[in-house]
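Report on one structure; see the data block that follows.
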Amino acid sequence: YDQAGKFDKSFNEAAYTGAERFKKATGIAYREAQIANEAQKEQVLRNLARRNVDLIVAVGFSFTQAVQTVAAEFPKVKFAVVDDAAKGANVQSIVFKEQEGSYLVGMAAGMASKSKKVGFIGGMDVPLIRAFGCGYAQGARAADKKVEVITNMTGTTPQAFNDPARGGELARSQFDRGVDVVFHAAGGTGMGVLQAAKDKNKLGIGVDSNQNHLFPGFVLTSMLKRVDNAVYDIFMAGKNNTWKPGIVTMGLKEGGVDWAVDANNRKLISKDMEARITQARKDIVAGKIKVVDYRAGNSCPVQ
Amino acid sequence: MSQPSNLPRWATLWLMPVLNLFAALLVSGLVITLIGEDPVECLQLMINGAFGYPEGIGYTLFYTTSFIFTGLAVAAAFHAGLFNIGGEGQMYLAGLGVTLVCLGLDFLPGWVVIPLALLASMALGAAWAFIPGYLQAKRGSHIVVTTIMFNFIASALMTWLLVDKLIMPGSQTPATRLFAESAWIPMLHELAANLGIELPQTPLNATFFLALLALVLFYLMVWRSRWGYALRTVGLNEKAARYAGMPVSKVIIVAMCFSGALAGLAAVNELLGSTHRMNLAFTNGIGFVGIAVALMGRNHPFGILLSALLFGALTQGGLDLSFEKPAITHEMIILTQGLIILFCGALENLFQTPLALAFKQMTKR
Amino acid sequence: MAELAIELTGVNKYFGEVHANKNISFAVAKGSIHGIIGENGAGKSTLMSILYGYYQADSGSIHLNGQEVRIRNSHDAIARGIGMVHQHFMLVDTFTVLENIVLGAEQGVALKQSLAAARAHLATLNRDYGLQVDPDAIVGELGVGEQQRVEILKALYRGADVLILDEPTAVLTPQEADDLFRILGLLKAQGKTVLLITHKLREVLDITDAVTVMRAGEIVGNVVTAEVGKEDLADLMVGRKVNLQLDKTPATPGKTVLQVSNLSLTDARGVKLLDDVSFELREGEIVGIAGVSGNGQSELLEILSGMREASAGSVRYNGTELTTLQACEPKAAAYRRLGIAHVPEDRSREGLVKDFSTFENAILGYHDDPAIQCGLLFNRKAIIERCRRFISEFDVRPANAFRRSGLFSGGNQQKVILAREIDSDPQLMLIGQPTRGVDIGAIEFIHKRLMALRNAGKALLLVSVELDEILALSDRIIVMNAGRVSGELPAAQATATELGLLMGGHK
Amino acid sequence: MDSFFSVLDATIRVATPLVLAALAGLFSERSGIVDLALEGKMLAAAFAAACVAYMMQSPWAGLAAGMAAGVMVALLHGIVSIGYNGNQLISGVALNMMVSGLTPVLALAWFQQGGRTPTLDDAARFRSVELPVADAIAASAPLKALFGHNILVYLAVLVIMAVSWVVYKSRFGLRLRAVGENPHAADAAGINVKLVRYLAQSISGALCGVAGAYLVLAQTGAFIQDMTAGKGYLALAALIFGKWRPWAAVSGCLLFAFTDAIQIRLQGSELPLIGSIPDAFIQAIPYVLTVVLLAGFMGRAVAPKAIGVPFVKSR
């Protein structure tokens, strides 16, 4: 896991869920480790590799470099990195098309918004988070050309992912500026965002895991990033000997990202909204709608 | 300033710290028992993880290296009566110095790039400490507040640089490209391999020797030179320093620069010694640990060496421990570190009275 | 036999290995003034601190008005009617006089009525004893004499029957001291008991009824004042014959070393601290500057030693103009290089770093001396050797170069500073309060050294609030009042009364 | 204009925990004890408040628990720095680390939700108070920012007034200041120096307790690892900024909160003349402003004289 910790209610927790599911399904045990600093990344990987494990899944883009180094040292062990593309003959990389999932929730936001102002709150200002924001903005604009997107980043230190009070404050400031739907991609900070949405009787959008149940009736939907699926699939592939090195891109089509509709937010999603989003979903899968990836050109077509 | 004690010197110097360490471990053992693990086994795992096998030792010493630098940095300022909380930011900026030199010049051979990078790290670390030092000396701005603020500012600056300017094109990780190998500081296992000794691969690198050298130089500079004499006089008694004709403001500013330069060297260990690229938040609290290291080591190089080693061992042993025992998380290690600082650093007199009584009893017999 | 106010029996006090009070027994009659004298470190302050509950005696008993009492802290002491004026005043500088007096003796939760009540009470005390102080003044801005009055008022406000004064006159002018003694006389007349610690035998003889003499923690004499003379007391105190009279040969002044003309200093608030001061100082003479502390002497020393800039005027030293001296180092260092040595007034806060070992303090101000360098580093051996020489030449006790300076008594700290400054072989020596709070034995020694320095042809500028000292050492005396020179006269013609009047700004 | 009031509104919300913590630090530091432990006290309080409010379903119980936890950490700081004359700086740093480590460990052991506690229901939280009168007045926009806040916000306002009365106008305040300026003088005046310092610590703990409870009960609704995120240090900075005086320290907090609120609103927007500047720089504005203010407009801060020095009975 990355430094944010295992139980962040979103990204890392999803990986954990996937691994647990694999354990339940197959009865095969796995080892886990969480690192506390940069130098430990290689150390942990090496440590795991030396224990003759079959497959190591590194969760988080910051592992890329460490995986490449260690994978070269242990050619027999299979490695996988979630969230970034790494090179190596025994390395599989799983990257997500966050922009596609974000696009869908962006559409939902654009349609649900009465004020035609929607908000985005990111953790730290890094490309990955910008990709979320960019996809979201494209979706919101697609829903309604007049929609305005207001973006905030929480901070400049890793603490930015762990400051719910600030998240709440950012959300409130956006509500004050007329926003009525806000999407967060900020880990623990996002808890504060969703809480503020509830307190202010506005709508929030969850991220990574399905967060609809956190504040039923106030979470419009969640952008799912199925890290759990990814981890589960990797483990399964390892078990079934179907594992292959290379880059796996998980978009809507591959079940890597999605939006969440369940009992908790059923009432918030109107028929019309659901229809349009489902249509868009189909179009993206079919390639009819192309969602621009911020990371591809380090720029976003919409502001 | 403590009470006159009847304890023999060795007891004050060795026995009390050991007892204090023991007390700290006892309390964390209690917490470990509370969450249902065996504290003795955990301790064994931890010690074994830190010192039990060559790779563990390598990592322990690698962390120790960085802690020595940030510990010395805090101590340097402390001797001038300044509490420098800004080690983190100074180290961050020093990392920028290293990075700029390496990104720009790493086509040159190592014996050119590495010294240049060292200089750049010290220069930028010192520069980042210079401003709070200058404001303290000339404007009376409280150094604790300004250095805290400078940590935040450094972090903002570096985030922007890494995300928008220095990022490796095409990567989504906010990190620079890998430096050319010529700029890498040789790893200890590589050096040993040249001598025909095989060591496990760890990030322990030649910077470690630089840290040891820094300890010795620090001692000589602070206790055996005019410069250090002025530094300590200013720290202990500013009036006396004025009386003695010392340039107080200048001493304060230079002390801060010295402090910043030392903190900067920790960046060299991390960047040129280990990761060979700069990424976001590579400082990772090392600057803050330096405060604890210096305070526990009584601001003396020998003490700093020991406490840096202790913290290095805790970092490494703690990882191994959490590897074996999923219930013992990283936070548990932080708790233990806090306890050790509290008992060894602040409760240093805890056992003085009971010990003095015990010795009295013994000498009576 | 009169009623006893205080009776101590078999009091012992240890500080670690040090036996500070050995089996002390003595009694004080009610309504008397009782003196306690003894060398530095004899244990006087410790004994009084035990009486005030600051320390606990290890054994022995205390009787107050015939009743055995246990005094565990100052709160107890105050409740039993004991008040103390400490050697170093125990006042909060940032508070007003009224707040200091009320502190610890407030009535009720809110301050308002306490302060009002105290103000009224203060007025009556003022009337009864003539203790004039502005209740709304900030204590830190008051002179020492006034601060002392605040301390006495504090004790009286708490209804003290027994008043302990620890070296109360060390910082007072003769007039202020006389005023204090007048007040003590009034207190005595009201039936209060006064315990007075002092190093000045004249005072003991003047106003006490009985004296207790201490040496090395023990009582070596309990005498009725009327039955003894000055020499008896001095000998009893030191345990040997003391020569109280200094041999002063006539001075043979040489060429002018220091020429101060129209020196002025204005502080940030526009107050004139020094106003048009002029005088000159020649080789082989001691010029004494008399004055109540806080009348510009400290600032004068600071300017002459380079620690402070004057606002106007000129200082010529051996023909060089010092005020416009250009140097790339601080002026204090540059002046020292030119041969100006300085013994600061506040020895423990300026002249020394208490946390340094003695050998480190032996080079304070001379740390750039090439003789103690070895390349980039110090030559430790040379430094320690130098310090050992100081210790033996000046009889510093204990003779340990590695001991922390703060652990030495005031007199011994002073000897180290003096040794260091004299050793630099200066042409001009600035000396502030060389013997404040130092015992007779050490004073004798220090005075001899200063006299020897003069006889060797050095120029000495001596600032002291002790008139006896000024009179004994100086060849010429300058009196300062409110930043101005209020008089200059040859020592041979000066009398204490005349100086006192000049110091007060009269005449 | 409207946005100006929303900034004001945000300022008050953000400033509240800072104000409480800064006043807590004021008691501690005025008594002569350096208080780097504000962060730890707050964090422990936030954790306790979250646990108890969740279990008892009552925000008041949570508040009480928060205050109790704050006092406990404060007393620990007291025992170390008053009882054992330990180094106050080290004690503060150590306590912060301990609390930061212990709270997630306990949270994990008790709730199995990682380093966090379960989200609180509305019943277990403090909501905004809607005063009936307020609505009428609130119609006039300028006052809007002053109403509709959480009850703890109004409590904090009362606390500010109470603190400035206690410090300057009460017996305890006089003794507190005396002990911080010159403990030897206070001792000689018959005051129990250590007792006053312990009391000051307890008050500091209780106020930090309210601050920590506010974070959970009013703002986030759950405890999250390290959720104080440096607010304790910021409060300390405000205290020093305000030269250890209550109202000045409060204005320091308001300044921090205000620049922060502005900063949030500036992000991503184009500025006249300068154009678009990176978010990271905008986020640094409060810190830069602090440094500039400290360097440019404030005189030398004069700390309580005895601060950081253990009280040992001898010279």
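Should a chain be cited, it is by its letter among A, B, C and D, assigned in written order, with residues numbered from 1 in that chain.
One rule holds in what follows: a residue touches a chain if its C-beta (ideal position, glycine included) is under 8 Å from a C-beta of that chain, and two chains touch if they have at least 3 such contacts.
The structure presented is a predicted model; accordingly, all values stated were derived computationally and were not measured.
No other two chains have as many C-beta pairs in contact as B-D.
Computed from the mean C-alpha positions, the centre of subunit C lies at a distance of 45 Å from the centre of subunit D.
A separation of 34 Å divides the Cα centre of subunit A from that of subunit D. Averaged C-alpha coordinates give centres for subunit B and subunit D that are 29 Å from one another.
Residue positions 152, 156, 159-160, 163, 329, 333 of subunit B each touch two or more of the other chains. Residue positions of subunit A touching 2 or more other chains, listed in rising order: 5, 125, 156. For subunit D, the set of residues touching two or more other chains reads 104, 108, 115, 225, 278-280, 283-284. The full set of touching chain pairs reads A-B, A-D, B-C, B-D, C-D. For subunit D in complex with subunit B, the touching residues are 80-81, 84-91, 93-102, 104-105, 108-109, 115, 225, 233, 236-237, 240-241, 278-281, 283-284, 287-288, 290-291, 294-296, 298-301, 310, 312.
Subunit C makes touch with subunit B in their complex at residues 15-17, 305-307, 329-336, 342, 344, 346, 349-356, 360, 363-365, 367-368, 373, 376-378, 380.
Those residues of subunit A whose C-beta lies close enough to touch subunit D in the complex are 5-9, 13, 125, 150-153, 155-156, 159, 162-170, 172-173, 176-177, 188, 191-192, 195, 199, 214-215. Residues of subunit B that touch subunit D in their complex: 1-3, 31, 34-35, 83, 131, 135, 139-142, 144-146, 148-150, 152-153, 156-157, 159-160, 163-164, 291-292, 295-296, 329, 331-339, 341-342, 345-350.
Residues of subunit D touching subunit A in their complex: 3, 6, 9-10, 13-14, 17, 104, 108, 113-116, 119, 127-128, 215, 219-222, 224-227, 229-231, 260-261, 264-265, 267-268, 278-280, 283-284.
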